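Heads up, the next two complexes both have subunit A, just with different partners, subunit B and then subunit C.
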Partner chain A sequence: MRWLSDDKLNRLRAVVNDPDFSSTKYTIVKELARGGMGTVYLAEDRELDRRVAVKVLNTPDVNDDLKNRMAREAQIIARLEHPGIVPVHDAGTLPDGRVFYAMKLVVGSRLDEYAAGASLRDRLRKFQAVCDAVAFAHAHGVIHRDLKPQNIMIGSFGEVLVLDWGVAKIVQPQIDADFRRSICENLRQSAAEQTMEGTVIGTRHYMSPEQARGEIDQLDERSDIYALGAVLYFLLTDQAKAGKAAKAVCSKAMADAKENRYSSASELSADIGRLLDAEPVSAYRENVFEKASRWVSKNRFLVLLVLAYLLMRIFFIFTTRP
Partner chain B sequence: MDPDTDIGGALHRFPITNHSAIIAARSDDQLVRRRAFDTILSSYWKPAYKYIRLKWQAGNEDAKDLTQGFFTNAFEKNYFAGYDARKASFQTFLRTCLDGFVANERKAGRRLKRGGDLDHYQLDFTTAENELAAHAAASTLSAEDYFHREWVRWMFTLAVEAFRRHCDDAGRGIHFQLFERYDLNDDDKQVSYASLAKEFGLEPATVNNYLAAARRDFRQIVLEKLREITATDEEFRTEARSLLGVDVK
Partner chain C sequence: MSKPLLGIVLGAILGAFDGLTAWFTPAVRDQLGGIVVGSTIKGIIAGVAIGFFAKKFHSLPIGILFGVLVGAFLAWLVALMQGGYYLQIILPGALVGLIVGFATQKYGRIPATAN
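Coming up: the complex of A and B.
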């Protein structure tokens, strides 16, 4: 019998857990990220000769609840066709019983990494794109429930993608009947299992108070609004230039009582748009000085032109005096 | 016959079974109990020997006597029938029994007679000793961790050997050869599927398929082996997590 070194032992331990892709068109290249439920691999799609990201359950022997959750995640993302939501190309079950799905490979950086080198304006633009993607999901009756900078990718061309819909929940039955029927009917059982009262799902720093209390029935779009507010808070944290209006937007999104938050991600996105355009935001009432200051800031060129004109007039008056 | 594995035949006919040897060790049937004991012995003698050598700092001959003596006593006095899965894992139970046995023998200052009832087992202490000499133990490990690490190593060693036999019996020697070349490769440089395909005269896709099947079978053998030496589903899951680092059903 051969001696197995520690390295070889580790290799064997990994080998017995590697997903078996032999019956698919994918060849695994390397592991990209590992989470509690699944692992994301970089893979080659041999048929289409392109690279994709493949998410696979960590182990074949898991319970049905996890399998259903993974299948549900794939179905939810596949139906949410939006530039801000990573598209799913394929889904299935491996011979070893693991559920997987293949999605677009996003090359870029996570929002928290991107923010480190970005201006306030760029951060707000990306955040607005996140709000738009989330608003789209909400319009299709899906709440994300785990929004955080680590689940938002900025692609190499600046595109913004919201990832990890593994704990998403379907909330609005009336928006798109076909969409709802196709997901809800298949997955009613698993959704019920996942959303038991008292279960805490999400990431603590970005979790709304009702989510932290495990009040699953109370979760709606405004729970995601809270998380968006927390993401905005993260983006504003080291920004001295962030004014009172920006902070007010953040506070409104993160209000303890959900009735006091923005009622929709679109509304929050609109306020971010106003911030970027130096317009008054709905979350903050300015006094007359702030209004004037903002007006000057917004019309800097015009103000400079008028000032230049006035200076020339004064200069002209003094120089032409007898 | 390979003396290293000729320890009662349990490994030679690697049983693909869901029956637990730990449960069978409580049987009133002497034959059933003997078979269960063979399985436990084959799974634990080497970690036990190394543990006695390093953690009890016993000499080579002493450690052999103590290992043989421990398992002889365990069978004769039916130690393993007293195992309660609710209190600890079997591995912890066995190590605690071993500690107690060695401590008692040391206290009594006895010199154990080699062999006894285990004379018919050819435990390959020479190889175990060579391994100890060639691969110095990490002194930073606690006694418990050291025993566990050696047990994991031994479990995988047995599984690799069982897998080799499984492939030979099934006429799938090439599966094992590919597995050996790719996953048990001694070189630092990792071989590629393409180079293996060339070496074995196969298509790269076939190498991919054979390796996937080999890993699937190997995993199954590891888990079956583990199931044999655990008493309850919960213990099986816990040990699988510890052995493979994953949750299993």
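Coming up: the complex of A and C.
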């Protein structure tokens, strides 16, 4: 009898754990990312001759909770048709029982990587697009619950995509009847299992106080707004140019009491738009000097023209005197 | 505020200011009232023309160029009547036209287009 080396054993283990896609139209190319619940692979869709990202559960012998959660994630994303939310193309089950879904392959960088080389203005523009995607999800009764720079992708053409809806929660099933029927009712049980009182889901630095306390029934859109505030805080951290207004927007979004936060992601997005347009934001009351300074910086060229005119006038007054 | 109205207001303010600077020239100080009125009217005429141009054509460089040309032309007419001080009158006049041209292109309400 011959003993296998550790390397060979590990290799065998990996091969055994590799998902078997032979019964599907996908050919796995390589692993892209591995998380606690699932692994994302780069795959070829042989029928449509295109590359996609396929997310599949890590192990076949999982309990129904993880399977349901994965299926639920696919259904939630498939329903949220928005340019800022990565579209799901297909979903299914592998012969070993693992649930998978195929989605658009996003080529680009994560928000934290993108931010390293971006100006404050570009960061704010991308952040506003994130707010708009989240506002869309909220309007459809879905809260993300794990918003962070690592879950936001910036595509190679500047498109912004919010990823990883694995721990999303449905909060307003009354909004859309179809949505309610197909997701909420079918998945009520799995959602309830996932969101037991006292269960902490999310990422610590981006988690609202109520989420960190495990008060699942207290979570609503404003919990995502806290996380958006934390993402904004991350984007402003090394920016000396970020003024008091930007910091006030961040503070309002990250208020401890959710009543003091923005009431919607659209409201937060509107304030970011005002920041970009050098308009006053709802989160900060300016004094006269700040108002004047903002007006001058917004109308710099006009101010320069008027100054040039005045200087010319003064010049002619002194040079044409008898 | 509509673009033509913005042009009129800006033209009138800058024209009046332009006229008031005549106070620094003692030789014409006693005619200051007439100069201010004339200069304000000149500014209003320029403002109307530049404002209506901005309403029709939405282009910052062309708007600025039009403003400069209108401002310079009206100032040239004034200088012609004065019989001198061409540079001292035309240069500020052109700059006033530039300011009004820029402001009317950048600011002011764009009228809604009918379907």
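Criterion: the second predicted complex is superposed on the first by the 317 of 322 C-alpha atoms of A that agree within 3 Å, B and C clash if a C-alpha of one lies under 4 Å from a C-alpha of the other, contacts with A are read in each partner's own complex, and residues count from 1 in each chain.
Following the convention adopted for this analysis, contacts are C-beta pairs under 8 Å (C-beta built on N, C-alpha and C of every residue); 3 or more make two chains touch, one makes a residue touch a chain.
Given the structure is predicted, the values throughout are model-derived calculations rather than measurements.
Superposition of the two complexes onto subunit A shows subunit B and subunit C fitting side by side, with no clash. In the superposition on chain A, contact of A:317 is made with subunit C only, not with subunit B. Looking at the shared chain after the overlay, A:296 reaches neither subunit B nor subunit C. In the superposition on chain A, A:107 makes contact with neither subunit B nor subunit C. In the superposition on chain A, contact of A:11 is made with subunit B only, not with subunit C.
In the superposed model, A:304 lies in contact with neither subunit B nor subunit C. Legend: residue contacts after superposition of the two complexes on their common chain; A:59 is shown touching subunit B, with no touch to subunit C. Counted by residues of subunit A touched, the larger count belongs to B, out of subunit B and subunit C. In the superposition on chain A, contact is made by A:21 with subunit B only, not with subunit C. Here the smallest spacing between CA atoms of subunit B and those of subunit C, following superposition, is 58 Å.
No residue of subunit A touches both subunit B in one complex and subunit C in the other.
Across the complex, subunit C is touched by residues 301-302, 305-306, 308-309, 312-313, 316-317, 320-322 of subunit A. For subunit A in complex with subunit B, the residues that touch the partner chain are 1-5, 8-9, 11-13, 15-18, 20-22, 27, 58-59, 61-63, 95-96.
In the complex of the two chains, the subunit C residues touching subunit A come out as 14, 18, 21, 24-27, 85, 88, 91-92, 95-96, 98-99, 102-103, 106.
Listed in rising order, the residues of subunit B touching subunit A in the complex are 2, 4-5, 127, 131, 134-135, 152-153, 156-157, 160-161, 183-184, 208-209, 211-213, 215-216, 218-219, 222, 243-249.
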